[in-house]
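Order of writing sets the chain letters: A, B and C. Residues in each chain are counted from 1.
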Amino acid sequence: VETGRILKKIKKTKPLIHHITNWVTIYDCANIVKALGASPVMAHAGEEAADMARMAQAVVLNIGTLTEEVVRSMILAGKAANKKKIPVVLDVCGAGATKFRDDKCAEILGSVKVGIIKGNASEVARIAGENVATKGVDAADVGKDLVKLAKALAKARGCAVVITGKEDIVTDGKKTLLVKNGHEMMSCVVGTGCMAASLIGTFAAVDKDPVEAAAAALAVFGVAGELAARISKGPASFKEKLFDIISVIEGKTMRNMQRVEKA
Amino acid sequence: VETGRILKKIKKTKPLIHHITNWVTIYDCANIVKALGASPVMAHAGEEAADMARMAQAVVLNIGTLTEEVVRSMILAGKAANKKKIPVVLDVCGAGATKFRDDKCAEILGSVKVGIIKGNASEVARIAGENVATKGVDAADVGKDLVKLAKALAKARGCAVVITGKEDIVTDGKKTLLVKNGHEMMSCVVGTGCMAASLIGTFAAVDKDPVEAAAAALAVFGVAGELAARISKGPASFKEKLFDIISVIEGKTMRNMQRVEKA
Amino acid sequence: VETGRILKKIKKTKPLIHHITNWVTIYDCANIVKALGASPVMAHAGEEAADMARMAQAVVLNIGTLTEEVVRSMILAGKAANKKKIPVVLDVCGAGATKFRDDKCAEILGSVKVGIIKGNASEVARIAGENVATKGVDAADVGKDLVKLAKALAKARGCAVVITGKEDIVTDGKKTLLVKNGHEMMSCVVGTGCMAASLIGTFAAVDKDPVEAAAAALAVFGVAGELAARISKGPASFKEKLFDIISVIEGKTMRNMQRVEKA
């Protein structure tokens, strides 16, 4: 995975990343895209969702604080993106927690050609049809072979699937990569899952292979997390360092620290 | 108040704290719950508010940026919580600023059995029927005996009442505690009032006595504020230290620094 | 521009600044007003928008994540403010990106007497009727004399106009000031544009001359940015320092560092 090359391309082309996301981590999603050198925009009104998506180089949808109305806008944005072959990332945040989330994920996936589905273990398992519950937005034990589950979902949906966790799994059903970077401190801060989806969207905006793009994005996030953890005293200083590092991380550091392996 | 014991129980049982809150401080509310070692979830759609509340160990409602629709979801969540005896905290943010806020507080309190009402002096005074105005969301002078006012409201409503301020007052009408920890820097940062409500909800999730839970939560917040103030250079670095400290604070520090007294 | 005097007056009178703003930077908008020593309140429900505006000393409207409903509340708040001669600031965030944003700006400007229109080059150019597109919420090249454009818009609308950029332009059509403070790091963090509007609103709350108020606010922001950049390691630590500095900045520093010039 040529992470350095993708990072350079992001800084050079400054892709516009349109988000329809949740109200909890919306700032961090925008800010992490900005830290990479790209251009975030958040716009959820039905009247402009499609117009904004058409201007963008990637669309990131996140159902963290979904409503009926916001999901309607997600579908408008997703369909507009599909027509122009703009990649769409869906963060299935909280799938498996309530019937409403499950239903709305099905509705989005039935209406929009999502390029990359991203979630934690229990969220993605639920999307794959498993009978598991997510505890709010935090992963629950699934007790399944997650690589197998991700591959099956990718094949069934004809898209890439990302399961985040101690080791991140990225697959399109054929090629499967494991991203072994990261630090436990990342799960002590709200929003790292959402930020990961925004990073994946930004990488997918400039790289056509969704598996490579997602793995590179997660490797950058993981390496930045490892570096930040070395110099921080708790979750809040960790988060500050994480953003500072992401704004300057480049190929050389990634070549030294990246741990992306074939499954 | 055995704060250390409650802190341990939070880390051990990782309660799910469902919030329906405002769009200003929603991230900090989630993040402070996470910093304590518990699991926050924010979900305000009417279609899932009750389902999410039923999964939770506490429900925190905050009317900071209320709308008709969001209040409807608060009532759905609150009623669902009531049926399962899950504690409900209501932050009456901005009560006394507009008729709409007063009306909606009355509607929530008339529909949901709120376990803990929390606000600043003028907000709580307004809920208690006093003719005072709140300046936006910042406390105005009430010119009354606040302990007496809180006790009377607690008795009238059959719940616990928290008035935050230089000294926090916590009462159920019978037992009244004063929390004398805290630092003036806490009022220089937006959201400390909202975070206090989230902390109270998290403590109430694992401790059945609402007075003890609320006093312990406010003591932790106050002690963390005192410690953070010692090593910060302004409101933003103060906030970072506050979160870092809350993620590691434990019984020993609390025993040394906690100043909770009977009124 | 007597920046020190205005800063003192803000700390002394603690004006209430009512915002109806976007969900991305709403926290930072509130927090920067608080850092200055004033009192922010965010309230977007149609039922209370006018009541809250009437209590305030300035109203800040920002269309960053506008919806039909929120714009309706902006107009209610703006009209209520107009009746009491409370200054209204409009951040035309993303104007020129979608037809919806253009239409809603026209609707707000047609219904409310806005005292200060603020945006980046392509946003303000679009409001002035130029055929330019904004890339999401980031400025695009306009290829025009921006001072001339700002002056013409100010005259046509009978208000002050602010164009932010490397040099900020502030004009009411007669008096035109250039604010030459600032640092490139400010464009590496999401929300500095929105925060600038909140600062302008806070200064306009205590100073009757909108050109002087806006220039002083932007000078404070720019000087704080220059000072923060000297001691920060990346965008996140920069932002922390920026808030810390804004909370203590005063006349002496401004007199030494302020670079406000007549155009």
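Methods note: a residue touches a chain if its C-beta (ideal position, glycine included) is under 8 Å from a C-beta of that chain, and two chains touch if they have at least 3 such contacts.
Bear in mind the structure is a predicted one, so any value in this text is a computation, not a measurement.
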Equivalent interface positions on subunit B and subunit C, same or different at half: different
Relative orientation of copies subunit A and subunit C, as a Cα rotation angle in degrees, nearest 5: 120
Distance between chain centroids, defined by C-alpha means - subunit B, subunit C (Å): 32
Subunit B residues counted as touching two or more neighbouring chains: 23, 27, 240
Of subunit C, residues touching subunit A in the complex: 22-25, 27-28, 64-68, 94, 97-101, 135-138, 188-191, 233-237, 240
Of subunit B, residues touching subunit A in the complex: 16, 18, 23, 26-27, 30-31, 34-35, 39-45, 47-48, 51-52, 55-56, 239-245, 247-248
